[in-house]
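Order as written gives the chain letters A, B, C and D; numbering starts at 1 within each chain.
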């Protein structure tokens, strides 16, 4: 693991997700941007000292020197966005499988370079679009792929948070600080959460974005990155949609919701109550589906650990991403996980949206 | 009453709303576009034959000839949109108070002409934006006017229906027919439901629309008017918002919701569960308010008939519009009801949105 | 109308329910226990002075003297419980149709006497168990009668309110006062709300109570009647159930819910969101039914005024009771309304529950 | 770990809960009732062969022979109920800390014997009442302990499942089989789920049960244990309550809910949406609390891994039980976990309920 040391929210989540199913464990790491904090974090995590590294460069050198049976099976990169490219490239180049936090990188050309390198080296590369790990998200995807909604008409994804309603960076919050610095994060809500919404839309519907148009705002005085956005989408085939994204909605916690309206039915899912899925059908009936219920398809079932009524949550969904990644590493051909292609598309999505915003919110072709 | 004869949904609703509080009754009418159906409807409603009219013109002539004590206190116009202007103008010109269905008329110049006539004649004129009659909508307005949300940041109104998911007009549905004819309705979802959403936003927030941009679509093949729309709003003062409107969302019934996000709090209301109001505050607390609860302000209280927990619904809200209108007729100076100014603004809103759509969804100044 | 004068909550509800559908109007009344308040109330309601009575006795004498075409079609009795018997008996004896508030009377022998009189006089007699007027309650009844749940296993009705959480009677609240006086009300929560729950259970399931056992409490110090109860039920055929009833549950408004569990399915309905009905089936599917949806049976449809998504509420349900009663008066043979048999059963239910409570909550046979 | 081999639902849950926080791992086990399946399970779990045991007796002998640093820190017992006593006693007697599934044992005298042994040996002994690990359950407990509800008036716990709606044991389901055999399980729904409800009530309210009365039924033909129950409770101090418990409620998944009504407020929690807590207060306000929100007290916070809006579920709650148990093993004096006292009380609760049921549901003093 690179990054994710003391006090880092997402690093701890990754470790819980890794541990949950007992398929892997964190055995080596360079956890922070200073050697001291890196080693402190490694000690706290109980790592053996010979695999506790001061820097990711040290880790790279040491680990690539190990024999095949001792070598790390995969590297997890959970550092700030602007560092992803250099770190990921180095480990991929050395032949390591990598799971990298999203957004993949901060520039489209870097995304393409990295993607080409991954292809050249033949490694497995996952991007932690964790929300696509929820069983009922996978069930949505199956229902749509199965044609039960008919032609998709309209897609609405919302991702509303409130934690940046005030100027936390000015108040010294560490996470808010790097996320609010254009140089380090690349973008604000756009990179942080809109990319999740975009990936969910594409993952579940199978649609291809033809063009987009983005209204971006910085609502809180003093903020340098976007904290509120409306991004309209046109899909190949005629469907339309939009992403409403904000981090300044007081009272919203992690309000990611997805609604897909088709000719024959509608699916509604909300991340904060992830074990349910609403399915309305053209005959007027409305079903409340439940994770693990008898109607669940194989994709949802294989992402499910507990019987219906025993709630699974964020960590379990995250662990499903790892399950797919580990399965791919073991050579399973149809393993489901967000790939580097998703990562590249996400970076392009951010770039296109920023470009649209600079052109007064005009439509930009996506490819 | 003009219009609203046999089989007309909204005419029957008006009559229930009128009767509910026992302040008025329907005593005269020309209920349909043919004399025969008009008289049949009047008979069914139990009207005395001397005030059952074949046409609205006949009714106008007869009723304006009556003395002040016998004259109708008000005329209710519930005919298809394209007829509103002629009928309303005639009755206003004759000095009658009028309550007219929305959208007020189909052309901005007619709206302005009618508005000027109303001012000249000094009559009371209401437009049936019935959703603003809900007590918790009025509570939202009070909370915002009271400054509890601070500066408004973002406003989201959705109005999603599914009843036009298929081509009902082709299948012979009468309502769908006139509403789907551009000549008779002026617009589709835009005039029918987006105007409600627009009025709710302005009514509750007190904001003024500076400009708008509209994406309109006709999703169902063969439909000649818009059935799906996204209308973005910029308000004077910097707030933004959007209206998502559709009549082709399978499984949606009458899904009108309103969310107002402010600097210090958020309010969420949904028409299908109108007796509740969610109020999140900047301190992290979330309150579920209930119609008639002890925290209700005077505006909500005076629009409430029953204690909390005894659900009120659509008809009661509609009747609140009549209560305000009747109060104004009786001379109450601060009576709350949607006025001709709301009606004019709604017509302009439709016109501006249609113009934006013709210009590839570009921004149009509102005034 | 007898009773229901100034400030009486339920009298005003009756009048709105009567007016809603325009089938009847209140034209005569003795509205209060003193002549002065009676006449004041009549004046406020705009009644003609010759049918505004000082007392119900005066009204009885005057109205029974009128010819068949001028006579009142029905009498509505909304006085405190202990007066129902005398008033209802007198009007029934004079040949009037009567709709009386529940509980019908305060003593079983009076209930039987009145019932016999009703049969002898051949009048229509309704008891205002208004919750059975909700369309989705009628849909529950149809689904169960249709056998879709198979054998009923368990029935849970809750009726939890909080308005008597403190000693309102001591604080001078008029309603709380008579309802809290054993001599005037007969019982507390038992008569006031448990009877509603009992009627809903029997109405929807069609089951017959074989025996019951009641735990009654007076939770608030100083209260002389029960304010909290658990009443267990055994039905003929083996099903069981219970009613949990309370008026001291802080934060509960009018929390009447009904759950019926059968061999093949479960139905769940909640009065505070009356337009929905949850139907879980043995195959694991869960449907959310909506008032007026296309699956609605004729009983629900005929009790429905608006399309789905346009909420109906308490008054509309109340008006459905009147619709059934008026239909019966017009001679419709299959009119649905709560009859005197329901009223008698409710009085017996209260008596059996009080008896059980006096015997330490032991089981009492119901008939 | 003893028990929990291939196909055992709860064993896998224990292992995920153990792994989640990385504080412990399963390193030895006797996982099934036959040596072959035990060793197969151990192999599947990747245990080293020298700590993969054929039987728990073999495991006991081998492990108690190890030195203090190599010895197991704790034994987890997840076998069928009737075997708990023998296994737990043996390991406790050998000085091991034990976490045992509930119900602790099947006879009160065994519970007392075991409890005395635990005291004598000075080991840590936890019972897996996992629902008390939910953060919002702990928040309920804090709010009540803090006096915010005032005097408790009424407590309602429901635990409704539907998975035994048909005769699964006859159909060959393994879990249903031992749980449906009176000799192996001791009781049906009573031991399996009512004990959870009882523990939640006592844990959150701090009340002491004075007496109880139980109606037990076997609804499904052929079933030998109870599958449906209503258990009434009287608490010392005057509060009352009941547990409604069933495994034959079609459509119910794991419907455990808890409502506590006090003089000054009401708390409502539902296991299927465990991240929320409803708190109504005497001033008429209703708050929706969210796991991890800023109002959370220390008990809830320390049981929380993620920010609000990132759902935690069943496994996380289960892991909180282990966290408390591990903390106690490490010597933390105020570690919170369900202790052997809870286990003993649960066994007594089952015994008292069975006794009451044999006496026609009469009241039984609890101690």
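FYI, contacts are C-beta pairs under 8 Å (C-beta built on N, C-alpha and C of every residue); 3 or more make two chains touch, one makes a residue touch a chain.
This structure is a prediction, so every number in the text was calculated from the model and none was measured.
Novice: Tally the contacting C-beta pairs at the A-D interface and at the A-C interface, and name the larger one.
Specialist: Counting C-beta pairs in contact, A-D comes out ahead.
Novice: Please name the chain that ends up farthest from subunit B once chain centres are defined by their CA atoms averaged.
Specialist: It is D.
Novice: Using mean CA coordinates as chain centres, what's the gap between subunit A and subunit C in Å?
Specialist: Computed value for the inter-centroid distance: 55 Å.
Novice: Please compute the C-alpha centroid of subunit C, do the same for subunit D, then give the distance between them in whole Å.
Specialist: The separation of the two C-alpha centroids amounts to 43 Å.
Novice: What whole-Å value do you get for the distance between subunit A and subunit D if each is reduced to the mean of its CA atoms?
Specialist: Inter-chain centre distance comes to 35 Å.
Novice: When you check subunit B against every other chain, which residues touch at least two of them?
Specialist: 252, 284, 286, 290
Novice: What does subunit A use to touch subunit C in their complex?
Specialist: 278, 283-290, 293-295
Novice: Considering the complex alone, what residue numbers of subunit B touch subunit C?
Specialist: Residues in contact with subunit C: 9, 12-13, 15-16, 19-22, 45-46, 161, 163, 252-255, 271-275, 290, 305-316.
Novice: Which bits of subunit B are touching subunit A when the two form their complex?
Specialist: Listed in rising order, the residues of subunit B that touch subunit A are 153-154, 156, 162, 165-166, 215, 217, 219, 228, 230, 232, 240, 242, 244, 246, 248-252, 261-266, 280-282, 284, 286, 360, 363.
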